[in-house]
């Protein structure tokens, strides 16, 4: 049962962490808990198997299990976006077919990430991929991980090649994001979503459509409130909520060494909040040990939280 | 005659292009014209010898001439900030002394840019430099050119070491900028200025103090209007002006190859607008040839300009 | 039927191009031709599914077909090394099991390449992977593609953790390679192989064990002769053959844009030489068009070739 | 009194450390001691104000003092090469004039290092610089510090534009170095010198002209012996000496954090060996503290040294 996406796709669409009990073992009960937590928190869609969802670290069997279980639990309540990023066009297409069969609403793809294709090669790659896709495509910019950045004109050319409904930017380069928005200004139905939660508020104030913000795994209401304030043009409220989000970012995502600290901190906090059971992180990463876990607990304690929710 | 800076330093402080007639020849008449143009346009300060001012390409003799002439022409009307970025602490200190003697209000320094110092080395470097400075210091983050990024905690530590009045960020990484702002939240007198004009509006909406925006060399009124709208929390007006700024950014700064295209395009447009006479660019760069110059002219013609000013 | 590897693994072990008729179609006849060509040329092993073999662009089904067909065609004549580089430990282990079942001699693994693990995480990852491997492991350094570089001490620690028989370096950083060699100086059975053919000769002169050189797909005799001359300490002959290899490198690998030019040029030359039928390159790359193909033909014509072989 | 350079410039030309007593105070007595130590050790030239000489950290006044004092002490015994790398063409030309007036034999220039010019801009920059130079020019490739890499064809074009006598490569990318050598194969009088001492032996074996190796500040005889062995094609002797050089590289240049560890370790060792008095390092770096100094002492003690010289 798939949910049709209203254009442009808007709101807070959390990139779900993948609850694991081992490198190849999905924690289905925690996934159920997480999805109910998010839906109760008012989010506008579910984004699975992204960077936060550790897609690349998971086996294809497990990726499929995540797709099937998420669609089953969601039961048509929200649009489900499935990340099919791969180095192999064939495997991307296979995952897309599986997602369509199980009721997902759209697929998401960052650039192939072993070779670093040039911009014309990106256009050709996506034109070929689009011919295989049974679902609308969402582009995903993640240059730190895939080594290439979609040029604004590349996005426009891909978008005009087929059923491409939007773009998520995790580059953290906001002048670049504004350039993409400007290049797509004649496509108001094309959705522009922001990755880093530290800037989602300001980007939505200026017309972006929402955020794919990892922190919403912990506190969905906070990010939904930020989105609503920004959509309403309520600058003072955006500034107030921004302070809380910056506290989260500055304390929960900065424990341990850079690179993996965001993912480990987020999963650890989710487990401490009871949203998921264990914070197992798939290889090549590992979950925090006790000293780091204690720091995350202290960071959570310092937040204005009551009953597991941010006091809004 | 120096102008004291009110804390926190706020508004639009353009990074002046340096009008040249040759690698070692300042065009003083154009500098006069430029400064009068900026002051008439309502800017809040003058920032000389930055990246846009080609400091590193100029001889020390010419750097000093720019300082002396700017202070003379300004005649105390606006704060003058002088970039003293250097690889040698001794040369930075010498330029700072010269700037103080001629009436500048503050000095600005990006990290030394040949070796790439670590964060503790940056703290030590600035602590030593501060002991030599007769003027307040403004920090300048420019990782693409100097290869190092100031960690938020490094900024805080330097700021607490002496007379440091603010921070300009040209990283384009706005989540990072928000982290710096969060780290400095207990220092309301510390000024946070944005480099890229594509995001100055949104950053000021959320509490930044202004912008050091190259486009203000051409159209100071536009950037001042953007700043005022953002300070007033007028989201609709920010969005309207943002469109014009994005048109400038997407057409004037993108002619020619990346890297030098911003500087060459900006100087070329300034000369076409009559703000400066010639768009000579110092080695290792060269000014545009006729085909690129024609594109800049077309880009200017496509803007809502009347009598050399953006119609606001 | 697997061939046991004599320690240290030595000689020229070409990274086989994967002959394709489409993104998911192996050209088995060309693979047979290629393998016979290599064995006739005197190479010392077969390295499949490396970067040159486009592993990451191929479906898992096709990767398995390459493994099964290569082992069948080889029929125990040479050691077969199978690249199992993956972002998922589970998928790496599954490919290794498949390779062992079909008679491969060893597996090869570059670091997981989506996340960029730190050095301690690399050690842990390989310790865990080693516990799953039915075959000896060869480490593969490829920082331009996987974003991380094995520190010399990381290699030593992994090597001392299990059945690790050697290291291939494609970093092009030869001072680094010499540091690895120095760190492993007490492990004479540990094989050190060089990726870039432009430096294999000098590295073998100084004690490296051989090369995994793409050019051997075209002219296996040339690279074997270079290896033999270097092993014999024949500096003059190394210098003479080096000139031919530099001519290949400077003309066949430099047509088209950087990044993909090596792979496209190599496959194109192999097809022009009749070693493989078509030079189809899997997405995200595409084979050369006629103008580039003509340049490759001219580059081949300029080489001292007779009957498809370099005149030695 | 200048020494004419025989083409191609060959041998071991150490990049002299600059003995300092403070950020702006040259230790002339130590400079005398260092130069006599090097000349007694058999080196073939003196290279001052390079990266190892901390040119960029020094004031222009001090740079001139280094030039004048070195030329005075050398008294025409060896060719003196003066690094004039700068971001400003005018300042480079001024240093070159000063060097010529004081008897230097050639100047050396890495690319301007604030902006990152493109290849055509590099050609134009050097063509303009050459018109100002009273001495022959040596090109210096140092991409880690200046952010750009000379393409082989750029080197050839610059070399054919004027009095350019050679090229030093500190990229550590030896396939690249071999490509440059191949591109310059019709210019046998053009000198090709290697920066990293870890690969100088093998590069000279294959025809390079020598090395600009920092370790020669400590042990000039060792590097001269390596050069002589390589020139004689004595592979066994190169391998034997290479082991000692790798021990130096792996122990003396790896104390402390990467980046500055080479420079700090080298200066520290020079002071412990009595070659210079103090190991003061100019800002933004600082010399080692006692714990690191102790490690350098232990590293020196572990070398086969007698009376301050490596036992050959």
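Labels A, B, C and D are assigned to the chains in the order they are written; within every chain, residues are numbered from 1.
Convention: contacts are C-beta pairs under 8 Å (C-beta built on N, C-alpha and C of every residue); 3 or more make two chains touch, one makes a residue touch a chain.
Predicted model only: the values in this text are computed from it and were never measured.
Enquirer: Among the remaining chains, which ones contact both chain B and chain D?
Expert: none
Enquirer: With centres defined by CA atoms only, which chain is the most remote from chain B?
Expert: Most distant chain from chain B: C.
Enquirer: Between chain C and chain D, what is the separation of their C-alpha centroids in Å?
Expert: 35
Enquirer: Determine the centre-to-centre distance between chain A and chain D, using the mean Cα coordinates as centres, and give it in whole Å.
Expert: Their C-alpha centroids are separated by 50 Å.
Enquirer: Which residues of chain B are in contact with two or more other chains?
Expert: In chain B, no residue touches two or more other chains.
Enquirer: Chain contact graph: line, ring, star, complete or other?
Expert: Ring.
Enquirer: By the touch definition up top, name every chain pair that qualifies.
Expert: So, checking each combination of chains, I get A-B, A-C, B-D, C-D as the touching pairs.
Enquirer: Given the complex with chain B, which residues does chain A contribute to the contact?
Expert: 152, 172-176, 178-179, 181-183, 185, 196, 198-199, 201-203, 205-207, 233, 235-236, 238-239, 242-243, 246-247, 249-250
Enquirer: For chain A, which residues count as touching chain C in their complex?
Expert: Touching chain C from chain A are residues 23-24, 51, 56-62, 87-91, 94, 111-118, 121-122, 124-125, 128-129, 145-147, 257, 259-260, 282-286.
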